[in-house]
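Two complexes come next, and they have one chain in common, chain A, joined by chain B in the first and chain C in the second.
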Partner chain A sequence: MSSIPIARRGDAQTPAGRGSRPAGARRRDWRMALEIVAFTAPALLLFALFVVWPILRAVQFSLFRWNGFGPLVDFVGLQNYASVLANEVFTDAVVHNLIIVVASILIQLPLGLAIALLLNRRMRGQGLLRTIIFVPYVLSEVIAGVVWFQLLQPGSGALEAMLGLVGLEGPYQGFLGTPSLALPTLIVVLTWKYIGLAVLLFLAGLQGVPDELVEAAQIDGASWWRIQWSITIPLLGPTIRIWAFLSMIGSLQLFDMVWILTGGGPANATTTMATFLVNEGTKRQNYGIAAAASVVLFVIALAMALLYQRFVLARDVAAADVPRGVR
Partner chain B sequence: MSSTTSTVPTVGESVSDPVPGGGRQRRRRRDGGRGEGGILVFLVALLVVALTLGPVLYAVLGGFRTNAQLAADPAGLPDPWVFDNYRSVLLGSTFWTYLVNSVAVAVITTVVTVVCGLMAAYPLARYQFRWREPLFMVFVVGLLFPATVAIIPLFILVTQDLDIGNTWWGVALPQAAFALPMTIVILRPFLMAIPHEVEEAAMIDGASRLQFFWRILLPLSAPGAVTVGVLAFVASWNAYLLPLLLLRGEMKTLPLGVADFSSQYSSDTAGVFAFTTLAMIPALIFFLAMQKRIVSGLQGAVKG
Partner chain C sequence: MKTVRTLSLLASGSLILTLAACGGGDGEGSSGEEEGTTAGGTTITWWHNSNTGDGLEYYAQLAEEFGEEHGVTVEVEAMQHEDMLTKLDAAFQAGDAPDIYMERGGGELADHVEADLTMDLTEVAAEEIEQVGGSVQGWTVDDRVYALPFSVGVVGFWYNTEMFAEAGINEPPTTWEEMYGAIDQLKAAGMEPISVGAGDSWPAAHYWYQFALRHCAEQTLTDAVKTLDFSDQCFIRAGEEVERLVAAEPFNRGFLSTPAQSGPTSASGLLATGKVAMEMQGHWEPGVMAGLTEDGEGLGDKLGWFPFPEVEGGEGDPAAQLGGGDAWGVSADAPPEAVEFVRFMLSDEVQRGFAERNMGLPTNPNAGDAVADPALAGLLEVRDSAPYVQLYFDTAFGQSVGGAMNDAIALMFAGQASPQDIVDATQAAADAEG
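== the complex of A and B ==
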């Protein structure tokens, strides 16, 4: 018996001469195929049923006018897409999503880097600081949103009380109730919620910067700023690029925080693609419109992911060989 | 570099904090370069802590005040401290009902994700067969499908076709399905890294591939499994959109409960703070206990 497993491994590595092998080997192939199916079946079933199928159905729904009851009969072709793309609320939502994508990266990248670089030194309480700054990230968007909603209340919120202490006055309808201020306020709250992730990932990336490089630069008389700018930050490149990717994908799908803080208002000033489609689907029963919006969301997210992969992350793959060669 | 005595290896030095002997001189020089920022760093750290914890602490303290106190001075401290808000939330049944639902949904999600993910990752990592890479790519592509895109058909599938709309499983199974791609992408390299010598030794001792999976691979992959499990648990615990569409009444989870409470009792600000604070506590305890796992999981996900 003991010699068989070794032979089995040999079989597996050379799937070529299958026809000439004895019946025992073929039976082992069958057994292995059965094991593969049995092991992967639960995951594949779940994935097919709850991921692939709903997404295909979304594409199907988007071609029909349907309110969720009765059969899908009212085929309208691409009309749902036309009406979604002509709907100013939706196109504004796309713009809001893109503003949030760009603002999140432009604000959180320098801020996160600055905090990470400041924390990246041997100092007492560093671990505690890291834990504290990560707390908002651990809370759910709903809980964070409810707390901020109360802080930002016009008239009774703590923020206005604090502004009052320094002689300032909040906007009459509150930060979330004034159309021109709602989106910037949302971005501030999102920064508070997600800066911890950026700091954490950047700190982890900084652990990978070799001390020898920093020390060599110090011996050469480089200043702290110069070292960060010329050595540390470039070496953080891959971490930063992946973080930006995660941030972008998250911003495109943003729902929870908006739903809690503003519900998309005031006057659709903070509507995102996700709040638009949930609103259309669950409140107005326009399943065709909601599905068309979700397909557009998917296409935008996919296009941005592929472009990012192609033009930004590809550098990491290409560069990955170089340092290995140098070492 | 020259001042380093031979007893202190360069590599060890960067790891260990206290540096004996010749290293001290260099350490001082390094700190000197940064030392001027000492006060500045302290102030910035203080500001970051204040801004980060401020809103959280405000909610915690707000729960100890009355609505009258909150209205008179929104930015003040509890005076006197009031325990009624917390007491009434804790003595009522809704909070506990939501808590039980949250725990149940998160546990089911986690178990299903980890079990299915480990099982699928095993052949994808250690069997040689023609469809291995294409099969793996199916899950990699799955990373690009956000649940938001599928939310409306998912809602119809769960409520109408499967008729498990207002149940724990109805929320947990889709959540597990959407957590699978990341789980498999993290676990596969983990299982691949276990040396082939270990497998060969087991086979020589007469173990089948199944026995190898059960007796050797599972224990060895425990750290990876815990990491993906924690990530799945946290994602489920914080989930809002899917439960919002699927769960109602007695079946709601904590995030739904918090959102409901804050809109239903919007005039009872102190009560909202108490309820929200209590809803934070399980997540914070879980995070503190699992901090290393969460952090390493997120970092692993980024590297992967």
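== the complex of A and C ==
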């Protein structure tokens, strides 16, 4: 199979040595190069302007002590990095991010899978149920955050009222105000918010599981559980892997929900790298420190993304390449 | 399978874009402000934080009045206080600041002046500066005045007179011993004594400032603002007092995540709706509370005020007050009409209207008697008889040091910092500033 793409490339580059290529082929090469440049230039330009340039600027800022006004003059070398990495609030934030990465995948994967498998069966009200599961994901993060904030209010919140009905009392500082409970509470809200995406992706992936395989297994006498476990879930593998990737990146960058629910508090119990850098930057005007933290976040996210692509997604990507050549 | 690649591209793309958004502005200083001479005449932009009730209406009306009189368009943007501060910082960095903005003085103003972002008003508003008198001190850098204070107040306890009476407290406490007694009485009556918006950290920090003001001699504080040296033992004693107060559990349930003044479940909202008996807050409190109640009245005539009680053995003047205020600043490249506008805002008429609506404490002496609310009038008296008004520490020290100090104090409210930790964190931030 792998010979097919090579054969296709062959019509642009003749197998013979460079010097002996006919003039017509060379002209076609030029035209092709020109086409490539013309078609990619706008995208590359935007990429350079809005991605590469800001990253380079952030690196530049991170080498200066700067309060946000006036020119960059106070060069401090790597001192901002040293102070960020030595700052307990930041290292705690990294830990919080990693906890959220792991918890999101560990909770949402089985839960999302279970819901997707259930919703994939023919049943009454299927469309409605799918919508209900997916609505939180569509809802604006800010609106969802404010609603949860009010639900979780100590004393007056709806959750506390419900607890009261069964004779329980919420924690004194509330779920968001108790340092040991704030992060778990945040994870519950995040699960509620993002489970819809997992379910949606899994449902889409399930449509790609061929009916023949399921039918064949049924004829062989396999139970529903057996079919899910041995056929559906393995075939869902690529979808699960790409979802986990999205979830991981989202968790590393997590900002808005935390900012609205807790602002990183209480006692820095829910700080993430993103809330740390926003706090240092816009609140304290330590833009050099904030830039250094953003570069550290960038490096961590990039490293995790590349490792994931290299070791987990590589299979899927390689597999994806081949059929493209054939079609 | 094509989707796999598309999705992963999308994912990395959004990752990078989000990061890029955190990059920050360009350091070019002010460049914008080219709106100006369009066909409709000059447009001046004005940002303020009176975003509720009467205040919002009054300011909109003033903008229109001034606009008609001077043939300009005043574009008003009213924002919630915290939102305004964030937006203002961003606007300054982008060189796109509004023509008229709220300047809080202290370290922040010094930064703005150093970066040439704000206009020197010493000559162009000499008349108003003269009239306001000593209050302009907080907005003066090297003998030049950069903003006109329109409201200067002090921080004290706002309380619900009805709840105090119900708990059997006849006179507001004047010493901390009496205060602890009052707290016990309120608790015994089944009430939550004090609300504090520790979720925003600065309302919690104000307690430490107040105790420091009572424990530190004036000279120690003046020196600390200049030298950023916090080694005096009085700062430790301030922390010990806060520790003792937190241990007495006078605060509302969930105070660690309670916001200062946004929504009915905020610290101000709890006082306004009769859920707690008192809150320590600035002079803006009646206005904020009015916006947080359905009838727009706040606590109405049930509202009382008393200054921060005295401590035993403090080196500070017991009559000294913690306070600060708001001033109208004009950005460096604003049109001359903007200066006219801030002068208009300081006029007798506007300041009287401002006072009548309980929007703050007027700095124009001809407007003092227009303060309608008896609680605010009492506060004005305390302000005017104070030997000195110490600017809020976070404002005085600037955001970098002030932010570190506030966060450390908030940690103490969560039981995670000692008096020494607060001093250490503040000193470390001060040293890092160099």
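In this section, the second predicted complex is superposed on the first by the 269 of 327 C-alpha atoms of A that agree within 3 Å, B and C clash if a C-alpha of one lies under 4 Å from a C-alpha of the other, contacts with A are read in each partner's own complex, and residues count from 1 in each chain.
Just so it is clear, contacts are C-beta pairs under 8 Å (C-beta built on N, C-alpha and C of every residue); 3 or more make two chains touch, one makes a residue touch a chain.
Just so it is clear, the model here is predicted, and its values are computed rather than measured.
When the two structures are aligned on the shared chain, A:212 is found in touch with chain B, with no touch to chain C.
Within the superposed three-chain model, A:262 lies in touch with chain C and out of touch with chain B [touch as defined at top]. By the touch criterion defined above, A:91 reaches neither chain B nor chain C.
Set side by side, chain B and chain C differ in how many residues of chain A they touch, and the one touching more is B.
Judged by the touch definition given at the top, the superposed model places A:246 against both chain B and chain C.
Shared-chain residue A:230: touches no atom of chain B or chain C. Contact with chain C, but none with chain B, is seen for A:285 once the two complexes are overlaid on the shared chain.
When the two complexes are overlaid on their common chain A, residue A:67 makes contact with chain C while staying clear of chain B. Using the contact criterion defined above for the overlaid structures, shared-chain residue A:54 touches chain B and also reaches chain C.
Applying the stated contact rule after C-alpha superposition, one finds that A:46 touches chain B and leaves chain C untouched. Taken together, the two structures place residues 50-51, 54-55, 57-58, 61, 68, 150, 153, 156, 242, 246, 249, 253, 274, 277-278, 281-282, 287, 290-291, 294, 297-298, 301-302, 305 of chain A in contact with chain B in one case and with chain C in the other. Chain B contributes residues 1, 10, 13-14, 17, 26, 29-30, 33-34, 37, 41, 44-45, 48-49, 51-53, 55-56, 58-59, 62, 70-71, 73-75, 112, 115-117, 119-120, 122-124, 127-130, 135, 138-139, 142, 144-146, 148-157, 173-174, 176-178, 180-181, 184, 200, 203-210, 234, 237-241, 244-245, 254-256, 258-259, 262, 269, 272-273, 276, 279-280, 283-284, 287-288, 291, 294-295, 298-299, 302-303 to its touches with chain A in the complex. For chain A in complex with chain B, the residues that touch the partner chain are 1-2, 5-6, 8-9, 12-13, 15, 32-33, 35-36, 39-40, 42-44, 46-47, 49-51, 53-55, 57-58, 61, 68, 115, 118-119, 121-123, 125, 129, 131-136, 138-144, 146-151, 153, 156-158, 160-162, 165, 192, 196-197, 200-201, 204, 210-212, 215-216, 218-219, 223-224, 239, 242-243, 246, 249, 252-253, 255-256, 259-260, 274, 277-278, 281-282, 287, 290-291, 294-295, 297-298, 301-302, 305.
Listing the residues of chain A that touch chain C in their complex gives 50-51, 54-55, 57-58, 61, 65-72, 83, 150, 153-156, 172-174, 176-179, 182, 238, 242, 245-246, 249, 253, 262-263, 265-268, 274, 277-279, 281-287, 290-291, 294, 297-298, 301-302, 305, 309, 313, 316-317, 319-320, 323-324.
Listed in rising order, the residues of chain C touching chain A in the complex are 1-5, 7-8, 11-12, 14-25, 27, 29, 86, 89-90, 92-93, 111-112, 114-117, 198-201, 252-258, 263, 265, 275, 398-400, 403-404, 407, 410-411, 414, 416, 432, 434.
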